[in-house]
Amino acid sequence: MVFVLKPGVSQREIDRFVALIESRGFKTFISIGTEHTVVCLIGNTAAIDIDSVVQTNDIVEYGKRVTEPYKAVNRTAHPEDTIVNGGGVPIGAGMFQVIAGPCSVESEEQIIEVARSVKAAGATLLRGGAFKPRTSPYAFMGLGADGLKLLLAAKKETGLPVVTEVMNQTQLPLFEEIDVIQVGARNMQNFDLLREVGRCRKPVLLKRGLANTLEELLMSAEYIMSEGNSQVILCERGIRTFETYTRNTLDLSAVPLLKQKSHLPVIVDPSHAAGIQVLVAPLARAAIAVGSDGLMIETHNDPARALCDGAQSLNLVQFAGLMDDLKRRIAFEGKQFGDQVIQGGNPGGRFLRLPKIAKSVIFNNG
Amino acid sequence: MVFVLKPGVSQREIDRFVALIESRGFKTFISIGTEHTVVCLIGNTAAIDIDSVVQTNDIVEYGKRVTEPYKAVNRTAHPEDTIVNGGGVPIGAGMFQVIAGPCSVESEEQIIEVARSVKAAGATLLRGGAFKPRTSPYAFMGLGADGLKLLLAAKKETGLPVVTEVMNQTQLPLFEEIDVIQVGARNMQNFDLLREVGRCRKPVLLKRGLANTLEELLMSAEYIMSEGNSQVILCERGIRTFETYTRNTLDLSAVPLLKQKSHLPVIVDPSHAAGIQVLVAPLARAAIAVGSDGLMIETHNDPARALCDGAQSLNLVQFAGLMDDLKRRIAFEGKQFGDQVIQGGNPGGRFLRLPKIAKSVIFNNG
Amino acid sequence: MVFVLKPGVSQREIDRFVALIESRGFKTFISIGTEHTVVCLIGNTAAIDIDSVVQTNDIVEYGKRVTEPYKAVNRTAHPEDTIVNGGGVPIGAGMFQVIAGPCSVESEEQIIEVARSVKAAGATLLRGGAFKPRTSPYAFMGLGADGLKLLLAAKKETGLPVVTEVMNQTQLPLFEEIDVIQVGARNMQNFDLLREVGRCRKPVLLKRGLANTLEELLMSAEYIMSEGNSQVILCERGIRTFETYTRNTLDLSAVPLLKQKSHLPVIVDPSHAAGIQVLVAPLARAAIAVGSDGLMIETHNDPARALCDGAQSLNLVQFAGLMDDLKRRIAFEGKQFGDQVIQGGNPGGRFLRLPKIAKSVIFNNG
Amino acid sequence: MVFVLKPGVSQREIDRFVALIESRGFKTFISIGTEHTVVCLIGNTAAIDIDSVVQTNDIVEYGKRVTEPYKAVNRTAHPEDTIVNGGGVPIGAGMFQVIAGPCSVESEEQIIEVARSVKAAGATLLRGGAFKPRTSPYAFMGLGADGLKLLLAAKKETGLPVVTEVMNQTQLPLFEEIDVIQVGARNMQNFDLLREVGRCRKPVLLKRGLANTLEELLMSAEYIMSEGNSQVILCERGIRTFETYTRNTLDLSAVPLLKQKSHLPVIVDPSHAAGIQVLVAPLARAAIAVGSDGLMIETHNDPARALCDGAQSLNLVQFAGLMDDLKRRIAFEGKQFGDQVIQGGNPGGRFLRLPKIAKSVIFNNG
């Protein structure tokens, strides 16, 4: 259940209303939009009579039941698009970003060469795996903590904010300087990990699991938000089907559906979905046209010798060529790209571990 | 195995070469491109030494094994894009078409109203179901032969070529005046039907089955082509997955993959894939961006009262609004749309039933 | 909606009640059980008040709404198990049958050798494909009408009733002497074919489509029954999933579910599901344990040289060995096997094509 | 690559051979069977000439390449069935076990009542969730550490060894007294967790992920074994498909396939697969017939009031009735059930955390 407050209500009035609600045993999320503040109730709201709440609380414009199991993530609770701040780079609400870089960080030379090149081509965030989930225990697992250091060296060198995957919560202390924490497809329902990243003040890039429904993806985002972190980016990266020409089937319907049901930004990873390099460009174009807020594209200085996922990686020249095309398309969609910076604070920077969540959690876009 | 002939060889020389090949027990397909003629051999070619064929036949430029099980459909056999002539409207090779109309023809007023409106909005072909495959024997099955007549009345009224589905081969005589015969998803592997439409001189719009791989779709197109009909349009319309928010999952990777592996045009039906109207526009945009050669969009004068599939149909105003957007996008992709007409013959018009296929079949784009 | 009549009502009383119902615009199915006769109404029954029907018609014991979209197939409409008469061999209601034979009939020697051998091992029906649906137009398609003749020769030789697949309705006249007509997985939603076999007085073995839900399978059986043919055997043969070690994933949950929701017998084809011979025996054992009414097992005299599906075929020795095991298991389940014959008429023999269906259709188990 | 040693070789000879292999840079697993010892090499073995190894090492009977990516898990590396010791109860190699209990431990009374009842009915291990992975952050998550204590109280009361799920590696210290650690479907590819349980001296029950292939399941087992823990039980629990009548589709082909490819025991969980109680009995019967080594059946004292998964739980009377049936079937299959105890040590008891794995790891069945 949400209550949309009238414009211009004071913080004191909001606090009083929230205290009233919480005194009846509900947890609340408060979402501060540019016009309206919305108070979202979690708990069994069956007994609440919306009309009587509206009539007895002057500051409430209207109330609405949220029947979906996801509440904080729900667009009803936050009608405007959320903007995620990825190390100073805004994602969502018409601002488009391209995250590029190799599947795994392999060496300082490699990651810095790739970072410089993708930045020159227009990428606005750098990706690179340090901890790699691999099907086989005998495969290359990434450089681990050293990989994170090399990634941060590339960040220092180029100024690009960095995105990298965490595989378990004990690694989180190593992610202090990382701008966006990725939760991979195989961890989409690692609920303890979701809770822990929910207690970080860090943007989280949450990938859809290989066989998870969109509702499950939204529920996993709800795990993160329910701990107080509203900086969540959803990522479609392909699902398992019977088709064999591609590794996974990219589900582009996910983008408009997720944006209809939720206020969170949605990006697309065509590289992992397709598993073959030749599909990356057409799927990236389609992702822009279908309304995504960004792309994540695997790019490598030498795909043929990549330690993982070479088959799906663009080389640096291919990426630069593709970016020229994509920039025209982003402009065609009327979206901003690449030249904005979020003023002031840098939520993607150092993070505070939140104390065990208080009853009332505040989300905003600032 | 294909043999690409040198430019400028005479018909007599081609005939002699084909006779030689066929005397060794192979069936041949001959594809006539703007520069090269390609002779494609069907049969167990393991014993053929390509080099000796090239060396002993002056007119052969080079030969190549085709390892894929689809031969005539293969781009190797016909490197240029095939243009399908849909009742005078060209589809493929940079020419984009929009097929619109209701799920089923319900009455003369309805189909003419829809036809006029979608034509005014820019649609270039009219769809409308007369024979409807329905899961339940108690559901509305379409108007049958009467529906075909109403569809032809709308064609006469508007000049739009018409596309409609055949459900079994005994119905084919009724399709004499229909421009494009649709083989539906549930009939994609109705091999006897494929063979019969392969013996018509009619374009065939072949929809991917709900759980068929792209290779199986290409093999079904091969059935049609192997009977002598090269006028095949492939259509992606969504596949079955575990996702529940959409009826099916539209697989847009199919478009670039099919166009890489085959020379046939590929169109997209976002309406049936999604099953909900709100996804039609974004998926149509994505289909254009991913490289499709056309769209098939369900449009109804009164979706709320449609006898089938109302939930996924655009109304006439929505369709017109969408078309304005799509035309800009088709132009952005550098494709031609809507104002070309194929001069001369009208392959989509009356048809001859081919005699049982001769050994040698000739395909061209004329 | 169904009305269960009191025991011992006369035919005249039933006719009068049915006439009353039909006068209100409904189509009826009448199912005659050993104790009760059930009258099943098709049409929009929303306006019918069950209580008033019961109170004003002495012969009605009680009425019940059928919310499922399948009506005649529904167990509510026919609480007892239906027994299908496969050429004198009863299937269902505790009577278990094993159908064996090759994927395709290849020659007289082959089919007679296989028929003799599987009969000696205990098989009670013979299968063999004459019309083969093949993904490739260049693959072996079966011997066609000649294959049917060879199959009938094997029937004559051994006395085994025969099961074989029809691919389209124009072939049906050739099936006059065939005991059970198979509708294959790819034709499960070939609705025109379903209707035609529904108008035959022949048992139909209906295979589940590769990506069809159980409800869709029941609806396809409803197509057949709605035309007046209640002799339908449902067959689970595996569905498409992402798993690659098997060709399809055998869904054994289908057996108890179908038997709960419907009165029709359910058999299992482990050969096509698995696609590999080594899984046939364990899956056949599981199928018996899960409650199936029969098995269909591909058996060939020389699998390594089979013209199709050799990889999944048992050889004759393997089949005989498996049968020894299966017989013990069928007995363990308390089912009868192999030694019953239906006295009198032979519904699997010559068939009458029914006239276009009258309003009232009568089903029974006799 | 594996080398099978001659019977009767001494430990000294084995050590010398292993040292030789490891000096060439390979990691080795040593599997001690009742007749043969097998040395399994991990690493790039392309350069090894098997013949020359056999000829120059007297103790080697023969060598064989293992082309599958799973090595220690491979039946080639350990031709005999592995017996897992679940707190004194042997699983595998013809010894069948039934694990029963509620989805979650809810109170001391509940778990003890269930434990006593399922023990009386014949269950040989007790399950009960303390840490519950739930799709929604607002759902009941289990009693956590308190749940483990109650489970251990039930173990003390009844003597039944206990199985319960770990959700992340930081919880492992709490599992000291637990007999079998379950890794749930959603964690099947939580590779860091797999590695950690691989370093415990505890049996691990590894459930197949909802959309994971059998090869991926084997690779996840390989993660555990590669850390030195060979006590792994594989569990099939249903996969995601398009079917809607069941929660998941139980893939019983998995059982014979996994047992063919691997030496590990395989059990089946029909409760989670089906999601509805009525399917549990038939699927349990099928699981026995298909060759599984055990069953995991959700059982609750009051399913209608269960805090989770009540719809799929049997009540205590249903479970007892089912067990009578299952015992007859286990006997029919020639398997031992329920009355054996592993003498001596209790690997399921207290555990040592292994030091970071040494090069050579020894597996045996003792």
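Which chain is which? They are A, B, C and D, in the order written, and residues in each are numbered from 1.
In this section, contacts are C-beta pairs under 8 Å (C-beta built on N, C-alpha and C of every residue); 3 or more make two chains touch, one makes a residue touch a chain.
What you see is a predicted model, and the numbers here were worked out from it, not measured in a lab.
Asker: So using the touch definition from the top, which pair is joined by more C-beta contacts, C-D or B-D?
Answerer: C-D
Asker: Interface check for copies subunit B and subunit C. Shared numbers divided by all numbers used: above half gives same, below half gives different; which is it?
Answerer: same
Asker: Using just the Cα atoms, superpose subunit A onto subunit D and tell me the rotation angle to the nearest 5°.
Answerer: 180
Asker: Return the distance between the CA-based centres of subunit B and subunit C, expressed in whole Å.
Answerer: Taking the mean C-alpha position of each chain, the two centres sit 36 Å apart.
Asker: Centroid of subunit C to centroid of subunit D, CA atoms only: how many Å?
Answerer: Whole-Å distance between the two chain centres: 39.
Asker: Could you work out how far the Cα centre of subunit B sits from that of subunit D, in whole Å?
Answerer: Result: the chain centres lie 51 Å from each other.
Asker: Pull out every residue in subunit D that's touching 2 or more other chains.
Answerer: 211, 240-242
Asker: Hey, which residues of subunit C end up touching subunit A in the complex?
Answerer: Residues 211, 240-242 of subunit C touch subunit A in their complex.
Asker: Considering only the defined contacts, which subunit D positions touch subunit C in the complex?
Answerer: 211, 213-215, 239, 241-246, 249-253, 255-257, 260, 273-274, 278-279, 282-283, 285-291, 329, 332
Asker: Would you pull the subunit C residues touching subunit B in the complex into a rising list?
Answerer: Per the touch definition, subunit C meets subunit B at residues 42-43, 69, 71, 133-138, 167-170, 186-187, 189-193, 195, 209-211, 216, 219, 222-223, 226, 240.
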